[in-house]
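In what follows, a structure is listed as structure tokens, so that the remarks can point back to it.
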Amino acid sequence: MALRHFLTTQDYSRAEIDTLLEQAAAFKRSPRGQQLAGKSVALLFFNPSMRTRTSFELGAFQLGGHAIVLSPGKDAWPIEFEAGTVMEGEAEEHIAEVARVLSRYVDLIAVRAFPKFQDWSVDREDRVIKAFARYATVPVINMETITHPCQELAHALALKEHLGDLQNRKYVLTWTYHPKPLNTAVANSALLIATKLGMDVTLLCPTPDYVLDERYMEAGRQNAARNGGSLKVSHDIEEAYRGAHVVYAKSWGALPYFGRWEQEKPVRDAHRHFIVDEAKMALTDHGLFSHCLPLRRNVKATDAVMDAPYCIAIDEAENRLHVQKAVMASLLAQPA
Amino acid sequence: MALRHFLTTQDYSRAEIDTLLEQAAAFKRSPRGQQLAGKSVALLFFNPSMRTRTSFELGAFQLGGHAIVLSPGKDAWPIEFEAGTVMEGEAEEHIAEVARVLSRYVDLIAVRAFPKFQDWSVDREDRVIKAFARYATVPVINMETITHPCQELAHALALKEHLGDLQNRKYVLTWTYHPKPLNTAVANSALLIATKLGMDVTLLCPTPDYVLDERYMEAGRQNAARNGGSLKVSHDIEEAYRGAHVVYAKSWGALPYFGRWEQEKPVRDAHRHFIVDEAKMALTDHGLFSHCLPLRRNVKATDAVMDAPYCIAIDEAENRLHVQKAVMASLLAQPA
Amino acid sequence: MALRHFLTTQDYSRAEIDTLLEQAAAFKRSPRGQQLAGKSVALLFFNPSMRTRTSFELGAFQLGGHAIVLSPGKDAWPIEFEAGTVMEGEAEEHIAEVARVLSRYVDLIAVRAFPKFQDWSVDREDRVIKAFARYATVPVINMETITHPCQELAHALALKEHLGDLQNRKYVLTWTYHPKPLNTAVANSALLIATKLGMDVTLLCPTPDYVLDERYMEAGRQNAARNGGSLKVSHDIEEAYRGAHVVYAKSWGALPYFGRWEQEKPVRDAHRHFIVDEAKMALTDHGLFSHCLPLRRNVKATDAVMDAPYCIAIDEAENRLHVQKAVMASLLAQPA
């Protein structure tokens, strides 16, 4: 039987996702357990983290295990990911050795590896985590690469807590301004999970250039078809917000400008008005607001929105702890 | 009932301080416990640390808990502390979210945040830790900002261990040379705790410019009045050391030169003779010497002083571990 | 009775080494224990690490203890190691205080401190770890300085697992190319442990300039004499590999060029053909290949060698975890 990883929620059926969410809810009611007693997880951060690192490290502890935090290239050796390379550059070791050795030490390997932001055709291959999954002999967990499946589960759990049944709820994923062109991972993930849960999803963005990679658009359409929801794109703020039950905000860089970000800047700067504010939220049907965090206040969303009772971003962040315990426990429970 | 933090010893009565010291002494005799079983503390370091980090991390472990070490701006996202800001600068998230999210994850938040050393009127507001205390829903611990209350307790415990009753002991807080203008935190703290414990305190410094912020001078005078001790300032090395029972050394930058440190440099450089040496210690009444560490040998104190039997700096450092366990256990024991 | 450290295997008799290896093998069969219950180890990294840090941190956890990871000069204060210095440079504290304070906090201190690569006559004194051992009042463990004794044990255990009796097996320590002049620590260590285990050792290197420090050559000869093995130097690749049972590869800088590395570069560059490849391995007597890692693939050894069944580098890396548990447990078991 093939080793199961947690690289994307697309590898998990709707029923499996529901089971993970139920396990997470149980962990939220009763945070401690022995599912990782004596076990360990390596957390490899190629990029910074606050919530992810804290929630994974704490989740391992709460289940009796131990997390080891490594930052390759900073406090560990830089790593080569391509096969067959003559390693005369910066990298001091190859992913084959890193993944194999870590697999001898720990029971789970979790990886955060953002895109390089130079060439989307390269970044979309997600080579770092795929290389870990290829060489590791223990389960690998995605802590955000070009999708962010742990965030998806935390988001889904928060929505279920506040809305109950999510079927055909109007869900708006809105692009927002941010001074830098950010990763599309959370946006891709929002599309995947919202459609998987059968919601009616609107992707709201300034121009067609901000539509997400067709891979995720197509997966979203298939998820919607399979789960009785829908997916459409809108560039009309008022239309998108009107009657929404959920507004999920995220900023990201427009893919056609990938690696030529100075050319995207004027387009980006022209759409500061995508900020989530009270006027927009007033158009919704008592809609909830959330964001994956970190969030720049008064840039992506106003103070009033962030501090409103309908903002569930803190609940979503809290849920990271519990969904990740569910993921770790589930991966460790698979037959060896 | 309001949530209790540990931001300054001034928020704690003399009786409460004594209780913490007794609990710390008990932990020193018997280091392990279950007071933090399954609990966690986030340690946020905006500045480097050796003793503080080790003693907090170890203290959590010895009581059955787990410490998570975070360095915002290095391995976590940079943070905005002002309310209402349009966050278009470096900071990727606001303290409101950081403190609220961490409060969902951990049971205690400990913060080290040194002054910025540019404008004392800003730094003396202690905004970073106050912002944490404002937004957090779990207790916040000061790991050194513009005071260093954990060091105060460790220092007090070491003095009690070596001297027993501290009432009206002659206590000298002496400025010493250091090539850089350091934080006044430990000096402020020494004034606060020495006066609180009823000692007769002399603040010895090169010139009136090196007197500490009037806030701490006034608090020291009030503490002294309340506890039967005294507080005076001296610029006379021999007078200050003569008959002293305790010499506590620290270097700090002169407040009138704050942010204009190149102008302070000649004054500072003219007072290298404030170094604690055997000749000065010989003037004391079998006085103890201590320092919070780190200490530059042969700059702040000579090798002979550091290696003398009357040097209790290592005992004081050891006590950090036990007083902090007492603080953590006490904060967690408050009614929810 | 003097406090026992683990600074070099030369301080341990053959029988003591065998006992450590047996304990390590037992830990490999049954990874968890309570030998460090409630105990702690400080891991001080003056240089980066992946395997060492992970295996020590995990080893402490598996035995019920806790490891604290410190990087002086990065997340802790820079340290002075010389006695008697007037500390007006970068260092904020002296090893005397660091070692004494850590000894009050933790039960074991482990140190990684590579040479500075400027003056071998200085680096060969190994001052950093010797200063820790001098001032610490708890056992000190070498995590790689100018030798790497933990790697020696892991290597020895892997050889025993694959070959059984090692007496008079032909062991080749081969220099390999690497773009930088690396530390001789693992090479020194390979000489020490291979001769201690009674093997017939050939040091294969490009020119006499690459022979190791006479201190280790002489120790190797004495070990060989005492344990019935031998030690010789060869510059003939074919002669060295022919009939070998073990090929251990490592790159290092030639000592006569120490600190003048630009002058060594052409010599180094002329010996890229020392790479371990299948043709060379075919000369051996079904020889095993190993390396301490990190390894640059297709520079030090080819992909084919690294991925061959005779490559035991991953086993050796795995053994780090278990030999280090044996070392920690053994050091803690000594009478106080």
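Chains: A, B and C, in written order; residue numbering restarts at 1 for each.
Definition applied: contacts are C-beta pairs under 8 Å (C-beta built on N, C-alpha and C of every residue); 3 or more make two chains touch, one makes a residue touch a chain.
Only a predicted model underlies this, so the values are computations on that prediction, with no experimental measurement involved.
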Point to revise | Contact-graph distance - origin subunit A, target subunit C | key: 1
Review point. In terms of residue numbering, is the interface formed by subunit A and subunit B classified as same (over half shared) or different (under half shared)?
Key: different
Point to revise | Magnitude of the superposing rotation for subunit B and subunit C (Cα, nearest 5°) | key: 120
Point to revise | Length of the line joining the C-alpha centres of subunit A and subunit B, rounded to whole Å | key: 40
Point to revise | Sites on subunit A at which at least two other chains make contact | key: none
**Study point:** Residue ranges of subunit C in contact with subunit A within the complex
**Key:** 31-32, 45, 48-51, 53-55, 57-58, 61-62, 71, 179, 293-299, 303, 306-307, 313-314, 317-318, 321
Check your understanding: subunit C touches which residues of subunit A in the complex?
Key -> 38, 40, 42, 66, 68, 70, 72, 74-77, 80, 83-88, 91-94, 96-98, 100-102, 104-106
